[in-house]
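As structure tokens, the structure follows; a few thoughts come after it.
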Amino acid sequence: MKQVEKMITLMLESKDRKIFTVGMGRSGFVARAFALRLMNLGFNVYFLGETITPAAEKGDLLIAISGTGSTKMVLTASSAAKEIGAKVIAVTSFPGSQLGEMADLVVTIKGRTKAGMPTEEDYLARQIIGEREPLTPLGSIFENNSMVFLDSLVVELMHRMGRTEADLKRRHATIE
Amino acid sequence: MKQVEKMITLMLESKDRKIFTVGMGRSGFVARAFALRLMNLGFNVYFLGETITPAAEKGDLLIAISGTGSTKMVLTASSAAKEIGAKVIAVTSFPGSQLGEMADLVVTIKGRTKAGMPTEEDYLARQIIGEREPLTPLGSIFENNSMVFLDSLVVELMHRMGRTEADLKRRHATIE
Amino acid sequence: MKQVEKMITLMLESKDRKIFTVGMGRSGFVARAFALRLMNLGFNVYFLGETITPAAEKGDLLIAISGTGSTKMVLTASSAAKEIGAKVIAVTSFPGSQLGEMADLVVTIKGRTKAGMPTEEDYLARQIIGEREPLTPLGSIFENNSMVFLDSLVVELMHRMGRTEADLKRRHATIE
Amino acid sequence: MKQVEKMITLMLESKDRKIFTVGMGRSGFVARAFALRLMNLGFNVYFLGETITPAAEKGDLLIAISGTGSTKMVLTASSAAKEIGAKVIAVTSFPGSQLGEMADLVVTIKGRTKAGMPTEEDYLARQIIGEREPLTPLGSIFENNSMVFLDSLVVELMHRMGRTEADLKRRHATIE
């Protein structure tokens, strides 16, 4: 997939710069799980909103995760990043969303996101005709797919950067 | 699976009590993603270590997530919970671990956890003989498996509690 | 001070509703420290951005803390809150800021905030003339003042709500 | 004060190493507010429990904040740090506490901490005789004193390291 190859390239180009990840709610946990592995890999990485997040500068990279591509806080951060001259990668189900539109690169992760959810009225109609509830409420599919996708990126980055699992372990938290 | 059925029963019994989830690092993000969905479902749930976590009381439930079952902070929290008279469910790859031993219920999630990692010396030997790096460094398999497993629990709980997706959405964060 | 009396009134009126606090960076830690005490007092309170934050609804209350009154994430949250029909209290040094303008109530806390910081050029000029560095860099005065002010509110709320310290302790985290 | 001078010396010696801060609840917010300023100053600093916290190594420094000196999670982290060969500075009201005993350096911050709180029985007695509630419930005094004390350390470190406010600002989060 060309999008993925481009994402890897952008990330490797940021090896000597700063990478930020951002997301709200469950997408935020996926963004943090990814940031943790990037830290293990030796990247200079931060999750936006945590304590020691430094200033973003021109040429830095923001990886924004939002199934709908319209989470307000994520849009605010992404547009601030663009103003500073940082690059933005959007991981979203909706490449045509506001986030997708402003990003330098969109990686599309399929999901039945909240944006695609039937309206309240639909619910009543569906209940009357006995339609069953979905097996995956709200953004769950997107979140699980993103986590698996980003973890597969980590493995690819390990290979390209020549990192072994021992390298990762050396950087892993020891006093928790 | 009997373990899963027991876990659902314990959780439904805690509907009018408090549920806490705990985990460190990436297991902590899985624990938070699960807590968020339990909140959507209407549970009185808290992730240990966040701001508004109240006192645990006798009869409350702690869900502790740790691949190795030996994360120090998780053991500390679980043993404090036991002292207070709260029940502990361990989600771990190692039922025989210290966490597994102290828990009221263990749900085993397969993973190639850090505890099962080859030693440094093994690495050298493996590199000499050209053995490849694993596709899933550190606890990644456990973390992904746990997230998918716990999300499937959410769906089962939705059905047993008679909750629709609209119910979940009503409780979902709106000002982020 | 009339502002403070109005803030207490708004908070007591929210006793059976939800209160949210929000802030970024060090103001965020002050917002969380305040949320924790409100939880101790028995309020139904959440820090925006943490795991179990539920949907805000018409009539809920958002307490937004920002020295400059122009922190983007705080503005985004506050304007979303206003749209939903929630009330917004701004704790800021700049009542005329964008945050101050959109808030239902502004409580002004003096500080030498970042907004009032000399420009880069000023620094050079000041260094040439040997002007000393301030004793309180960036937003430190605002953050310390806010923390002390909000803790004094807690005491006043204790009295008005008839809560004793034992009541607060009963709700305090026990398994950390 | 000799304790403070020693703390500054230990911190300056850690300039090319890693510094970790830790604390639970409101002491944790103080620990994070301090970590943020240390990041502004150019230290390689982490708050324990956040996403990108790397491995602690021999010679690193842990600053543990606990009014009572007996918060379980803080003790667990501090004892893990000691095992690894990291130094521990305890900021506490009780130098004789378990935390104080295991630390390499104790900085005593006065406070009316939870450890010094009257028992439940005392409350009844005090209410009968009409004794008033304290103006500062639980650990509030310790937390406010610690925040002011640590912020004064920041100013001293600025001077000793030759940092200007412009230096701090350059490292301050820009996309929040």
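Order as written gives the chain letters A, B, C and D; numbering starts at 1 within each chain.
Going forward, a contact is a pair of C-beta atoms (placed from the backbone, for glycine too) under 8 Å apart; a residue touches a chain by one contact, two chains touch by 3 or more.
Fair warning: this is a prediction, and the values are worked out from it, not measured in the lab.
> Which chain has its C-alpha centroid farthest away from the centroid of chain C?
B
> Over half shared or under half: which fits the residue numbers at the contact of copies chain A and chain C, same or different?
Shared-number fraction above one half, so same.
> Round to the nearest whole Å and give the separation of the Cα centres of chain A and chain B.
Spacing between the chain centres: roughly 22 Å.
> Measuring centre to centre with CA averages, how many angstrom lie between chain A and chain C?
29
> What is the distance, in whole Å, between the centres of chain B and chain C, each centre taken as the mean of its C-alpha atoms?
Each chain reduced to its C-alpha mean, chain B and chain C end up 33 Å apart.
> Considering chain C alone, which of its residues make contact with at least two other chains?
Residues 24, 32, 36, 49, 72-73, 77, 80, 172-173, 175-176 of chain C touch two or more partner chains.
> Quick one: in the complex, what on chain B touches chain A?
Where chain B meets chain A, its residues are 24-26, 29-30, 32-33, 36-37, 40, 71-73, 114, 117, 120, 123, 127, 133-138, 140, 143-144, 147-148, 151, 154-155, 158-159, 164-166, 168-169, 172-173, 175-176.
> In their complex, what parts of chain C are in touch with chain A?
It comes out as residues 24, 49, 72-73, 76-77, 80.
> Spell out the residues on chain C that touch chain B in their complex, using ranges where they run on.
Contact set of chain C toward chain B: 20, 32, 35-36, 39, 45-56, 62, 77, 80-81, 84, 86, 170-176.
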